[in-house]
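Paired with chain B in one complex and with chain C in the other, chain A is shared by the two complexes that follow.
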Partner chain A sequence: MTTTSSSTSIDKTQKVSLQVPTTTDVPPFFAGLHTSYIAGLAEKLDAKTSYEGAVTEHLRMSGVYWSLTALSLLKSPEEVDVIMGLTAPTAGRPISIVDWVLQCYDNRSGGFGGNIGHDGHLLYTLSAIQILALADRLQDERFLNLKESVIDFVAARQQPTDGSFTGDEWGEIDTRFTYCALSSLSILKALDRVNVTQAADFILSCRNFDGGFGCTIGAESHAGQVFTCVGALSIAKSLHKLDADLLGWWLAERQCDSGGLNGRPEKQADVCYSWWILSVLSITGRVSWINRDKLATFILKCQDDEDGGIADRPDDMADIFHTFFGISGLSLLGHLHAAIPECAPFRQIDPVYALPTDVVQKLGLQGQIMVAQEGDSVEERLQQYDTLTSQHKLFQ
Partner chain B sequence: MHGRKRTEYKHRFADPQVAAGLAQKAQQWYALSDKALSLRENDDASMTLPLLDKMLRVNPDPLHLWNIRRSQLLLQSDSNWLSTELALTAAGLERNPKAYGAWFHRKWVLQRQSITTQVSTMESLLQQELALTDLFLQRDERNFHCWNFRRFLVGLELQLYGGTTDQDTTTLGDGSWWMTTTTTEQVIGPQITAASKTTTTIDSNNTTKIHSILQREWDFTQGKIVSNFSNFSAFHYRSKLLLLSSFGDGNGWSPKLASTSTQSVQAMAEQEWSLMENIMFTEPDDQTIWWYHRFLLDFVVTQQQQSAADWYVPWLARQAETLQVLVEEDDSERGCKWGLLGWHLVLSRLVASSEENKEERHQQMETVLDRLIEVDPDRTQRYQIMKKQKQQKPQP
Partner chain C sequence: MNALNALDQLWELLCLNPKEFDIAILRSPDDNTKNPFVLQEGHLGLHAGDLPWLARDFRTAYRTARLQDCDSVLKVTSCLLLVCPDHATAWADRKRALLSVQCHEDLWTRELDFVNLLMTRHTKAPTSWFHRKFVLQQRILQLLSALPPPPPPNDDHDDQENTFSTTCTTTTTCIYSNMVQLARDEIQICARIADRYPKNYYAWTHRSQMLQKIHHMLQDDSTSGTRTLADHYTQLLQDQWQSTTRWLQSHVSDHSAAHYGGMVLQLLRRQQLQQHNPQDHHQVPDNDTTQLVHAMMISSITVAQQLVERHPSHEVLWIFRRICNHEFLCYAMAITDDEDDDDNTALLLNSSYWKDHIDIIFCVEGNNHDNSLEAQRTQLYQLSYVAWMLEDVGRLAKRFDSWNDLVRRVRLLQGVTQQEYQTLRNTVLTQLRERKETIPFYQQQQHPQV
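Showing the complex of A and B:
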């Protein structure tokens, strides 16, 4: 696959138009229920008697990030701040989320842990930085005092031998960590602290015959891992190294008869892949390679129509992870804006940084996207990025 | 949360007795969790290790608990903790076979062991470990954590015999995947930062051992594939092993670490095609084999020398005939989508390599694409791009 940089015509008026599915058995989007589900989650999980809270205690940082980002697509920033107690404590909680995030800083490692007193890890360091970005508190003096140590922690995770990243100082290598590192450093404007070219080359060494990527060299392709790899390549502005036609085809074949997407061939569909796959199709300009209406319908069917929240599959128990990925998936499909009047005024999700687009634009975050064909227009949410035009070689 | 039925789950929590039991478990967890964090300050292994043992058996996910455990283990003067750690990680993985932290801890323990242990002791330890992967892959043949762990074990085995020295890196073919021709890196990959690597020179005895390891792995994928043609994980691993293989003189597969001769590529391609042909006619709607087929076509091209064109074109032509039969005999409702895709792929390779029947083949490709749009309307956009591109740039 070869690609060339070119100035692609950008149609600012173009909107992704989607039909509201017309079949009668498609449920509506329960914006109000999801809002109350997310709003009630913190209090529920914080209770020392919550079983769910106890078993997910170690990844609370990511849970908070998923909650905040999902809610940001349903409510205005001011409402999100009040509902979640983002920058000031809300009723019943002693401290704000921002205060809590700063308490999760681990001064032994220099990274952020998943909860107070836990060890710093790239997974939670990225979530913490994303939360601070959402809260517009990257300039908070308390964070500025830690910032250099955080950057040191992230940069020190790169392995000089092959450019890969470890999650923490214990040495586990995974392409997820490459994404966490590049995204964190890009948000902190410190990408120059690592060897970005080598990082991208490591990602490419994890590519398989199907065009996808696994968690390390030799590992099977997995759609979740594909997001982290393509996201990292986007931030590294190295998308020209992708075989986007092959990868796009493999991802398009993840769509099952139910309309939902699976993560690997011959596996069951699951709402979380709506995000992992749509984000990559969006970055590579190939969202139209799947049936968008059928996917939106599948996500809507996974909602809990009593208590709010979205599950992995229809009739399963909802959780915040799938709620975030379901709502973000609908946003990438253009569905939240086109078909749901209550959501129309609010923010959209950015497929590279997994943050609301206005946050990405305000911070001036850099990256690269592709269009599938010369003349394709670029979605409004992607216009701050560099654009590549694909040169197809479908017959090779 | 994956695969929990909503009504059952809610019903379970609605039972006051169950709810009280779970609330108690949560409180116990938090008590242990607080204790673990406070004990780490004291470095008292006699209390910390049993506590962590208890916690990680119940929940093997929290990475920081594994970290605390490793810190404590390293402080102990008696470093004879292999068996306790193997037992603990096995118990954790019984609980959650996808726990990253537990798999990593097991790798960490084994890698440390491999530095200090005699070859013969290590050999038998690795045999036991391979048996554990057999067991976990019987329960879930697609568990990529376990497949990665197996490749990690093979990496340790090969290291015993000097089979993982780094040499030249070559980019193959269209660059859609990379390999190091003379090493096993592409099969194994770094999953953990390297401890001090032992460098053994490869003598002939070691070469025999390396060959038998690779042979065993090849046979392992074969067994998995025969028991279920849908096992994409096994085909994936096979695609990596193929890079290290040699097919010569009708003896079937044999491992080799040097470049492959034209003859052996032909023998391999014929053998793999006959396996595929069987599966394609048995399970034409299962996409697994079709991805592997595409890989084989690429692989042959990258390994093929010009002089072999007199074999390559007839080989493709035979495939085209077979796939035409498969497609035309199909009378299922689904319309043999994958057969059409496979046929199209083979035709496209044929017109790129041979002038013979070119016009007819172009016609067939056009017909196949039209048929694909009918049987697979969800992916129409991609087929349209393929059609359009075909009109713009007819193959030379």
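Showing the complex of A and C:
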């Protein structure tokens, strides 16, 4: 693949055309229901009879991040702050989310745990940093006091042998952790604390014959892992090492008859892959390789039209994980803004950092994206990134 | 029932032989006792309705216990992890406790029994799979600690060294056999999990990592015992290939298995290559392995072809055919590297490879009248497969100066002209585009120049 950097030649006025399904059997997007679903979630999880709440206590940090980000795409930052009690306690809650996040810091390891009193882990450290970024509290004095230790914790996860990252002190290696580490350090402006080239090379060693990536070397390609790998390569500005055509082919084949995307061949379509796959197609400039209308319709059909929230597939029970991925997927499709005019002043999702674009822009976060062909336009939301033009070679 | 009672009761049940039962979640309580656990007919049943309070109470008990002794930690985390299997901190405390208790011989084997029990019910918690790997690593260290030290660098006393080597080899052989047996046990457990929970990503990944682990040991270690290990390993890979293709016959949509099969072929390929180019004098080229691998690479093409012929509407089997062809191409490249390659190899590889692919196109063209969804899907998989294969060949060709150079090196393409290659590719792409208004991907591709 020949690549040329051409970040200067992009016409910033061009926009990718938005596709809105016009058929009548497509449900509308229930913005109001989703807002109340997310707003009521914490109370529901804390209820004594909640199974969900009981078994997800140890990953509450991720749940809070999913809730906040999903809601951020529907409401203004000020409204999100009030509804969630982000920077000041909301009614019925003793402390704000930011205070709680800071309490989840694990002194022993230097990372953040999934809840108060838990061991530090890269997964939750990234979520914690993302929440602080959303709350615009990265300059909070209490966090600044911890910042160096957090950076140390993340940097120490890199293995000198192959550049991979472990999730915590115990040594589990997974391409997810590479993404968590690079994203965390990029947000904290400390990428120079790790060997970024070696990190990218480890990701590439996990590439399979089909162009996809698994969780470790030799592991089956999995669309979820593909996101973490391509996201990491984007932050490492190493997309030129990617075989974007082959990967795009494999990702395009994930679209099922229902319009939904699956994560592996002959698995059921699932809303979460809308995010994992769309973000990669967006980063590599190949969103048009799938049928966008059909995918938007599939996501809309997975909404709970009574209580709000989005499920993994139609008629299943909604959860916050899929609500986040469904709303973010619609945002990447450009559907969200086209479908609900009242959302237009609000925010879009960024496919590299999984944060609202204005947060990414404000923090000046770095990364790289691709356009599939010379002359392709770059979506407005991606214009802060370096652009790589891949002259695609498939079937040439 | 209070938390302490529930905890004690569950712990008591877990202290019975956990190998003899599995965990079941009971959706509708069929007894009216207040007992949250039922042990019958090899199942340890937990009532679904009790799970929220059990999880909460176990968590509360865990907060106290983690400040206490190792036994308390092991007891409470055993119960907690059965309801919250992805609780990373509980797994971490468990590792700390295991590492600090007096190391008795069966500590790690017994820990594996617990993980096995947990995995009869919970198979998708990444941390539990990592814990499994951690325990195995400890077990392997335990096994390897019995290895004799490397022979002293002493050239003067030949007799002495020989005696030393013989003793070493016997012990080493025995330890390496145990290692391979350990891998086989793990593989069997993964197969059992994949049977109950189809397409389980973690089970198949773990299974493949077992194979890769031995591969790395062979690469790293050049002691005299590696030859035994290599032999065991080749046999293991061969068995894995047989069992995976058999599995695919009855699990026709299992992409994890297809990927694993590809991994086995790749490891076999590399195993042969490693023996071909021994880095040290201990290893000599092994003709048995060479012939075995050669036969398997050839037959993999046929096996994949037979699978799609039997179940043509399954995407996974067409992907399996892609995988086998890809591995085959890599293999063909590698072996024709040898200058002194004999013509038999070329002939074998040459036979009907290209014609088989042309036949697929004819077959699709002949089936144009069948408009059923299944037929349409099949045609799509067939065409995509050929397109993929041609792309794979095309990518290979780019590594050479000319098409003729490619054909000279990859003999299975012998007799195929570049013109024929282009024509076939154009035919496939045209057919794909005709079928593809719904899938934009192929429409995006520009028409290749003839």
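In the analysis below, the second predicted complex is superposed on the first by the 387 of 396 C-alpha atoms of A that agree within 3 Å, B and C clash if a C-alpha of one lies under 4 Å from a C-alpha of the other, contacts with A are read in each partner's own complex, and residues count from 1 in each chain.
Everything that follows uses one rule, which is that a residue touches a chain if its C-beta (ideal position, glycine included) is under 8 Å from a C-beta of that chain, and two chains touch if they have at least 3 such contacts.
Just so it is clear, the structure is predicted and the values come from calculations on it, not from any experiment.
Trainee: Since both structures carry chain A, what do chain B and chain C do when superposed there: clash or fit?
Mentor: On the superposed model, which is not a single observed complex, chain B and chain C clash.
Trainee: For A:D81, decide between first (touching chain B), second (touching chain C), both and neither.
Mentor: A:D81 contacts neither chain B nor chain C.
Trainee: Please work out whether A:E379 is in contact with chain B alone, chain C alone, both, or neither, and reply first, second, both or neither.
Mentor: Touch partners of A:E379: none, neither chain B nor chain C.
Trainee: So in the superposed three-chain picture, is A:S50 touching just chain B, just chain C, both, or none of them (first/second/both/neither)?
Mentor: It touches chain B and chain C both.
Trainee: For A:C215, is the partner it touches chain B (first), chain C (second), both, or none of the two (neither)?
Mentor: both
Trainee: Kindly classify A:H322 by the partners it touches after superposition: chain B alone (first), chain C alone (second), both, or neither?
Mentor: A:H322 contacts chain B only, not chain C.
Trainee: Check the contacts made with chain A and report whether chain B or chain C touches more of its residues.
Mentor: B
Trainee: Could you tell me if A:Q255 is touching chain B, chain C, both of them or neither one (first, second, both, neither)?
Mentor: A:Q255: touches chain B and chain C.
Trainee: Considering only the listed stretches 39-47, 93-101 or 165-173 of chain C, which one runs into chain B in the superposition?
Mentor: 93-101
Trainee: Give me the intersection of chain A's contacts with chain B and its contacts with chain C, in residue numbers.
Mentor: Of chain A, residues 48-51, 53-55, 57-59, 113-114, 117-119, 121, 167-168, 170-172, 208-210, 214-222, 248-249, 252-253, 255, 264-267, 288-291, 294, 372, 394-396 contact chain B in one complex and chain C in the other.
Trainee: Over in the complex, which chain C residues touch chain A? Could you list them?
Mentor: Interface residues on chain C, with respect to chain A: 48, 51-53, 55-56, 59, 63, 83-84, 86-92, 95, 126-127, 130, 133-134, 199, 201, 204-205, 208-209, 212, 253-256, 259-260, 262-263, 314-316, 319, 322-323, 326-327, 373, 384, 387-388, 391, 394, 425, 429, 438-441, 444-446, 448.
Trainee: Using the touch definition up top, name the residues of chain A that touch chain C in the complex.
Mentor: 48-51, 53-55, 57-59, 113-114, 117-119, 121, 167-172, 174, 208-210, 214-222, 248-249, 252-253, 255, 257, 264-267, 288-291, 294, 372, 394-396
Trainee: Note which residues of chain A are touching chain B in the complex, please.
Mentor: So the residues of chain A in touch with chain B come to 1, 48-51, 53-55, 57-59, 113-114, 117-119, 121, 159, 161-162, 164, 166-168, 170-173, 204-211, 214-222, 241, 243, 246, 248-250, 252-253, 255, 264-267, 270, 288-291, 294, 304, 311-313, 315-319, 321-322, 372-373, 392-396.
Trainee: Residues of chain B touching chain A in their complex?
Mentor: 1-7, 9-10, 22-23, 25-27, 29-30, 33, 37, 59, 61-68, 70, 100, 104, 108, 142, 144, 147-148, 151, 174-178, 185-194, 230, 232-233, 236-237, 239-240, 286-288, 291, 294-295, 298-299, 348, 351-352, 377-379, 381-382, 385-386, 389-390, 395
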